[in-house]
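Look at the two complexes coming up: chain A is in both, with chain B in one and chain C in the other.
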Partner chain A sequence: MQGSLIPNEFVVDVDHQRCRRCKRCILNCGFGVFDFQSMTTADSSKCVACHRCVMFCPEDAITITRNPLAFKEHSSWGIDSRKAIWKQAESSGMILTGMGTDLPWLNVFDHLLIDACQVTNPSIDPLREPMELRTYLGRKPDKVEIEVDDKGKPRAVNSVENNIKLETPIIFSGMSYGSVSLNTHRALAIAAQRLGTVMNTGEGGLHRELYPYKDNIIVQCASGRFGVHSEYLNAGVAVEIKIGQGAKPGIGGHLPGEKIGLEVSGTRMIPVGTDALSPAPHHDIYSIEDLRQLIYALKEATGYKPVSVKIATVHNVAAIASGIARAGADIIYLDGFRGGTGASPAVIRDHVGIPMEIALAVVDSRLRQEGIRNWVSIIAAGGIRSSADVAKAIALGADAVGVGTAALIALGCRLCQKCYTGNCSWGIATQRPELVDRLDPDWGAERLVNLINSWSLELKEILGALGINAIESLRGNRERLRALGLDSTVMEILEVKPAGV
Partner chain B sequence: MIELAFQEKFSKWRVDDARVPAACGLSGLISQDGRAVGGEVIVESMRILRERGNGLGGGYAGYGIYPEHKDYYAMHIMFEDFQGKKVCEELMEANLEIEMGEEIPYRLVEGICDVPLLWRYYALPRPERLEGDGLQADDFMVKLVMDINTTVPGTFVFSSGKNMGVFKAVGSADTVGEFYELENYTGYTWIGHDRFPTNTPGWWGGAHPFNILDWSVVHNGEISSYGINKRYLEMFGYECTLLTDTEVVAYLLDLLIRKHGLPLDIACLVLASPFWKDIDSLGDQTEEDLEKSLRIVYGSALLNGPFAFIVGYSRGMVGLNDRVKLRPLVAATKDECLYVSSEESAIRQICRNPDRVWAPPAGHPVIGKLKGDV
Partner chain C sequence: MADAAVKKKMEGEAAELDAAGVHYRELNGRVRELIDKGCKEIVLNGVNGQRYIADGIASEVKIVINGVPGNDLGAFMSGPHIIVNDNAQDCVGNTMNAGKIIIKGHAGDVLGYGMRGGKLFVTGDVGYRVGIHMKSYKKQVPVIVAGGRAGDFFGEYMAGGILVLLGMGEGDRPIAGSYLGTGMHGGAIYMRGSVSDSQLGREVRVFDLEEEDRKLVAGLLEEFQADTGIDYSKIKPAEFMKLCPFSHRPYGNMYVY
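Then we have the complex of A and B:
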């Protein structure tokens, strides 16, 4: 019987002159590429190019290359199209994938340029002058009511106390315990605490060991309600209702039973080994008025902590966001179509939704037109790769950005897009104990802190060049952005002028 | 064709939205006891600041200058031609009871040319229009001024407060003062401005002060946060229509003080907010809560970038710097008179021996208030 018709994606080569047969590669590969039969052998068909073996080979004996196998060129039928068809002809199933879309869609961020000062206004040196990134998330009143006491001392009457304080406008996006390892959650929580920002639990509940980090955690309540109980809802500074995810708008989730071990089972409140299925919709939310009920139910359950609503950016996102603001949400989390996932059908990941940059611009503008922009904070996520993206997102109107993929890359992720297999050799997207153990939470936290601190430094440098010394003066300040290589319709939607104007 | 279409498309941005960076000289004075000061005094002070301008814009605002019409909104309007004047007057007739309309007196001086039609009207909103729209008189006037400035061709209302007036032109400040015969006016507050636009459209309306109702602003600097200040103001119905970022200062003051009811000194905490490190170490919970609330709620109203401005209003005058003091501002007092200027020399030109001269710290307002009625 004929085997698979799909050629290997990569070729693993072991240099036997260098190899000392220490077998570290065998231990390190989560995908079982290596074996030992008198010498180290490699089954290239299993390789995902996660580099774990390469990084840990003491002799530099392993090389991974793209399979140079020639295909007859065809401009319509790319190699990936052909491979997808072979896969489906062999499997009769949806093609699963992980992380955000890898198709070369237009990236709006790469067509936006940031302004700087010259002559008429001085730039500010962040090494000499204060440069402020502190950000508050949550509902703000339309105005500050002032009351003057007997001694003539003014005092603010209305409170902004339940706003969440961030020392930098970058938070860690929701990635569930179950899809990622407990050590990943540990690293994120430690880093969030050190940075003065927050991590988001994702939909899999919060391991009790992390409850002490409650000042730096947003707990999520998604359609599967995994791990949701009253103590959990109060184990963070805010609650997030996850309606959708950028990588898979409109569809639910499926965490296979193999990933549900004892700890995940206890946290998610489901039996060991059962599949964790998140329904596509919340079964108690079939319209905006139902969302309102859940928002207020969660507020009642938490003593009126801020409630965030996370949506995937879809075509009608501005009207949806307006409805969410009017339904009582304090934060709207916009997850763009480049957002990551532990598992999604490739067809959904690659073809459903719209870019976060555009969604962010129209949501911010719409809320302003309706005079309710201050009712909600906007978190933009799904494709933030650098401090430049952060600055551009904030200039387009975001209060803060969420980073998921970038955080995982900091922890060692190579973007192999095989999260759904549970074999992550870096100990991130796996529950196999021997793999999870590889990720030292303190080491990971330090790398996350380094990354976000670097971005914060760069943000301060950008602000200084712009001649402003507080992040709120960049927020929504599209006047300081110019477009290069975007068509006029997109520029009009973004309300960003072309370079040169 | 493509290029033409492109230009047409962005003509809105080229004209309405293009900010004109400018450096400038400022001077202002207030006699807090209400004593009348002749307009020639502020012109004399501005003369010394000529080096800070380039002859492409100068102007003044005086308060207390129209005592015999003090209950009426004094509208100073420039028209490019009689057609605009006709359209504008029809619109005003429909909305206002006009007590009197006259040409603003001026003399021709060297250095000032292309004079538009300059008229002033003393008027009040028609009571039936107020009832119809359910607006307070001030709101009605703001809306009417914005309507005229955005819809009537070649017409610009450059002053609309009561018992006050703005006088401005393309020219250096001292010649503008002579042009408008300011020596024939007396007022208790005067502010003046000489402009150094680095890219000027040569438009009279673009000179300072900028005014909306009671508020007049002269400004040296660039509001680098303009983009978000403008969008924030738009949420409250203000339309930024001019060729400069200075107008946001006037509109923000109008919003914060008149509409939101903040005291002036607290409004200044919004415009040039203290740094978080200073708020965190205030040590007084009430003050900390207040300043924190102001920053959180009014972050989009923070004026960021280098600036010094002087604002005149019927009850006083305030000078304010940005929060790291990137533009000069000096203050002085002599008896009941407060002076604020870009340079000490401009103060000493009109007040030889001030009682006290100081440089206000970054972000700290200097406020002079009128004592009693005028």
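Then we have the complex of A and C:
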């Protein structure tokens, strides 16, 4: 019988002149590319271009190139379309993938420009003057009440009561223990604590060892209810109900049995080696009224901690967000269609949902029009790549942003999109003990702290250029954005003027 | 709600609250207060639809409810022993972790969703979507026993735990609805009588009871009888059939990497 008709994606080349046969590549590759028979051999068909071998080869003897094999060019039948058809013709399955969509959809962030002060109003030097990034997540009062003390000094009363205090408007997005390794969770928790921000557990529960980080954790409650019990619900500063995920709106999750080892099994309470199935909907939520019921059940169970509701950005997102605010949520987490995942059918990841930038603008506008914007904080996530994206998201109406993929890249992720195999050579999206051990949580935490601190510095620089001294003044301040290369309909929806006006 | 609205009586470790007309937040706050003060038994009278009773409570307090409690009774709870001397509404024992809930009447939809441990006994019928995604780990095995019949999607997505249906009561409608055990990948469902193949989810099969199963069912029947005070002695474990998944990875072959 004929084997696969699909050519290798990459070619691995070992320079035998330089190779000193130390076999480090064999140990480092999670995908089993290398072997040794009198000299190092490589099976290119298994290579995912994660670069682990290249980074750890002491002789620089390994090169990985894209397979240069020529295909007859065709403008509508791209190589990827042909490969997908071969794959499915050979297997009869849905094509599974990881991380966010890699299709070249329009990226709105790349068509937005930030304003700056010149002559008529002074810019501010953040090196000399205080610049405020502190952010509070949660419901704000309808009006600020002022109290005057004995000395006649006025102060605001309880304006951020029961809010989550962040030192920078950037949090770590939910990535479940199971999907990612315990060392990844450890790195995120340590970094969140040092940065004065929060990490989100994702839907796989929280390992007991991380309970001491409770002031810097948001715990998630998703449809599979993995690891959800009263102690867990109280192990963070807030609870998030995950309705949907940007990478796979409307569908459930299947964490493959390969990633359910002993520890994950114990945290999730399912047997070793079974698939962890998250139903598509929460079966106790079929309406906004039902959502309200769960929000208040969680509040009752946690002494009224803030509740966040995470949704994927879909067509009718503004009305849905209004419903969520009215259902009693304190935070709405908007996960755009570029958001990452540990596993999703490619067809869903690449074709379902709308960009977070657009969703964010319409949700912010809708809540303002309805006079309920202060009821909720908005976290925008799904494609935040830099401090520029953070600033633009906040100007479009976000209170804070969530970063997942960027955090993983900081930990070494190469975006090979093979998280669902559990073979991650960087020790991130794997449960294989020998791979997990590679990720030192302290090393990882330091890199995460460096990244977020760099972005925070850059944010201050942007604010200074804008002549404002608090991130609060940028929130929903779309007047300070201009569009370049967006059509008039999109600009109208974003409520952003074209450059030059 | 003013203090006077909740008439309460506390003698030693037992207390009684009059819940009539009291908002759930007030009522549940009072219950928590009593538990914090060391109360071991609380009787709630005149309950009429108040939600979230005993949610998230991690104590082995006994709560007797006279009246019909509202949705999400005992959600996320970890330890209480609740007796409802009436019907109950939806989402009883939602994601419950430990403890016991006994309902002397019928109960609504979505009972024991994501249940992780403890027991839920209902003497009457139960609604739709009961026991969805129950799970178990080692010795922590959740159990739901219903004396009557169940609606559709009984035991959907079940990853562990035990569901028992006795099918008692008037009428001749089937003991359970359709899509029984759809997506089930762990645990077991025991039903008295039979169901047609068309009612079964694609992931389950019917099995005969082994000696171990018979012991389990007999033990649960005995406990159910003791807790509810109803005589089930005429029910024999031999009348039961067992539904189990035939794969722990029902969707394992759906994907190509």
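One rule holds in what follows: the second predicted complex is superposed on the first by the 487 of 501 C-alpha atoms of A that agree within 3 Å, B and C clash if a C-alpha of one lies under 4 Å from a C-alpha of the other, contacts with A are read in each partner's own complex, and residues count from 1 in each chain.
Quick note on the criterion: contacts are C-beta pairs under 8 Å (C-beta built on N, C-alpha and C of every residue); 3 or more make two chains touch, one makes a residue touch a chain.
Every value quoted in this text rests on a predicted model; they were computed, and no experiment measured them.
Trainee: Quick check on the superposed pair: does A:72 touch chain B, chain C, both, or neither? Answer first, second, both or neither.
Mentor: After superposing on A, A:72 lies clear of both chain B and chain C.
Trainee: Name the contact category of A:151: first (chain B only), second (chain C only), both, or neither.
Mentor: The answer is neither, since A:151 touches no partner chain.
Trainee: What is the contact status of A:254 with respect to chain B (first) and chain C (second): first, second, both, or neither?
Mentor: It touches chain C, and chain B stays clear.
Trainee: Show me the residue ranges of chain A that touch chain B in the complex, using the header's touch definition.
Mentor: 117, 119-122, 124, 129-130, 132, 134, 136, 140-141, 143-144, 146, 153-156, 158-160, 163, 368, 371, 373-374, 466-470, 472-480, 488, 497-498, 501
Trainee: In the complex formed with chain C, which residues of chain A make contact?
Mentor: Chain A reaches chain C through residues 87-88, 90-96, 221, 223-226, 228-231, 233-234, 254, 256-257, 265-266, 268-271, 273-275, 277, 279, 283-284, 293-294, 296-298, 300-302, 345, 418, 420-421.
Trainee: For a test of understanding, state which residues of chain B touch chain A in their complex under the given definition.
Mentor: The contact residues of chain B facing chain A are 6, 9-10, 13-14, 17, 19, 21-23, 198, 221-222, 224-228, 230-232, 234-236, 260-263, 266, 273, 275-277, 286, 289-290, 292-300, 302, 304-306, 323-324, 326.
Trainee: For the complex, which residues does chain C have touching chain A?
Mentor: Interface residues on the chain C side: 24-25, 28, 51-52, 55-58, 71-72, 75-78, 90-91, 94-95, 97, 110, 113-114, 116, 129, 132-133, 135-137, 140, 153, 156-157, 159-160, 183, 185-186, 248-257.
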